[in-house]
């Protein structure tokens, strides 16, 4: 079990993650998976699932190269870049939240958690703004094959961000009151949020950049 | 968890001997026979479902939505007897097999430390799900197949109704999976590993991914499409296989108490799991 | 102490509902001489044109009281909780299946009402609605079979000095379930004993259901009465 500073042996740093030994009841050293290992299983599963969606996208792209190229020109690269920067910032803030929580600085952790939620919110707003813009240009879900994939991938990712809000809500709830704080749940929530960011990057690459 | 509780659960040794003899003994004496009855009903159901839908009726994988009226009529002609017999099997067994399936899953939630309303919600939702989500397809395909000389335009309408209702009944499975997920996440009785809760989330999301089947008639989002059907079916198949296995483990571990289930949590992640439940007080010791 | 207030009221709804169903059964012109699947579209359309009122009123009556059997099924579920089982699996299963039979019957009912809705419609459309209604009605057996078999197994596994139901009730339920089996395959035949108006899916099925309602009604009534006597004895002894 990951150790909190001061409760036992000092945590070591390996690749930026804490490798802690649990000396409370003489157990063998805990594996260094932050948060619930179950969440990592879920992350793996979702990544495989999204990979299958990306493979399908690429297959249809090679079959319809011209159409896809043409439709992609309608997308604004700047919005895509902005989205990516916003999500990366949210990952940074959630990592700081975990770090602060590990060190017992809970006010700072809460601030970073709220910052993460704020960045997520900015992402959502900019996504909706982009969709409205595309619809006004006449590109809807049913326009052509490229836009089918575009709306599908961005929507399913959007849904994962919404779920991320619920997860961050749990994190905030945990951090708020001393009676409830669970480092494991905070790290589990952070793992999920990192996944949301990590899944966005290939979507960004495929839809906006690869031309 | 104590030896005393397990004693009351297994007072006798199960016998050796012929399979029939052992089966009869278990029916008579196994203290968990009700749970095993429900579990075997569940396994039988999924097997019969595959036989009826995939092999006999060939309603799964579904035929294409991109056909015209003649194409739809042709499908019914090609599968006439398969549909009628396959659907007949479903009409025969679905109630008997699916009710204990839902009862067993509801029971798993009742065994958890959460409110019983989770169990009852799940039971109510999934009980009703079979009608729009499966029986409608069975009835409509039967009606479509039984009169081959019907006007193709009418057959076309029945074809759409059957396959759209089956693939497109989404809400029950969406919300039902989320109910199970929340129950597992809150549970302190260690009935299921937490990763199964997240798998429920993945299953719930397949109901979102299938929604475009109501909009598209071809490519990847049609009711037989690569994304809306094939990938979704893989996720659903994995999910189903996993919960069948997990329910089996639950029955094996069951001690008919109300506390945490004894024995190791099933699944490959157990050695990574913390040795105790998280202790909320651990953080307060270092709180500023 | 179990709460038993109102059980007798629910119980005595059964004969009332049964009476209403029997009336509606005879009112609907397509039951007494059940409509044949081999009727042509014109014949079906003519049937609905000529009998429009009787179809509508009988089906409205059925629609009102389709779920009338559920209170009795719930009395059954409550009795199952008294059985010597370790888990509520059987009562949950009965709960899960009790609502579905009436739901399917309501679906059939609505298809009949739809068939009678616009008698001037194209005959092929009326025939299709008629088909949907009859197939739904004939094939709604799965949940009835489920209830019978589940009750039988529950009774076999109710091992206590004073079981809730006698063993013959279990055998009877299995017999009824067997009688309902052929109706599941009625799609295979348009005439003969397996058609929806034939011996097995219509007469045997409906008579089996009627007999089940009567017999189980009596059994449940006796069980409730015996249970109250036992409760009274326990109270006096205490």
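The letters A, B and C name the chains in turn, as written, and every chain counts its residues from 1.
As a convention for this text, a contact is a pair of C-beta atoms (placed from the backbone, for glycine too) under 8 Å apart; a residue touches a chain by one contact, two chains touch by 3 or more.
A quick note: this is a predicted structure, and the numbers were derived from the prediction, not measured.
Among the remaining chains, those touching chain A and also chain C are B.
Taking the mean of each chain's C-alpha atoms, the chain closest to the overall C-alpha centroid is B.
The geometric centre of chain A is 52 Å away from that of chain C, both derived from CA atoms. Averaged C-alpha coordinates put the centre of chain B at 26 Å from the centre of chain C.
Against chain A, in their complex, chain B makes its touches with residues 193-195, 197-199, 201-202, 205, 208-209, 212, 215-216, 219-221, 226-227, 231, 235, 269, 271-276, 278, 280, 282-288. For chain B in complex with chain C, the residues that touch the partner chain are 31-35, 37-38, 81, 83-85, 87-96, 98-100, 102-104, 106-107, 110, 119, 123, 126-128, 130-131, 135, 138-140, 142-143, 145-147, 150-151, 154, 158, 256. For chain C in complex with chain B, the touching residues are 37, 85-90, 92-97, 99-101, 103-104, 107, 124-125, 128, 131-132, 135-136, 139, 141-147, 149-150, 153, 157, 181, 183-188, 190.
Within the complex, the chain A residues that touch chain B are 1, 4-7, 22, 25, 27, 30-31, 33, 36-39, 41-42, 45-46, 49, 52-53, 56, 60, 101, 104-106, 141-142, 145, 148-149, 152, 156, 159, 163, 178-185.
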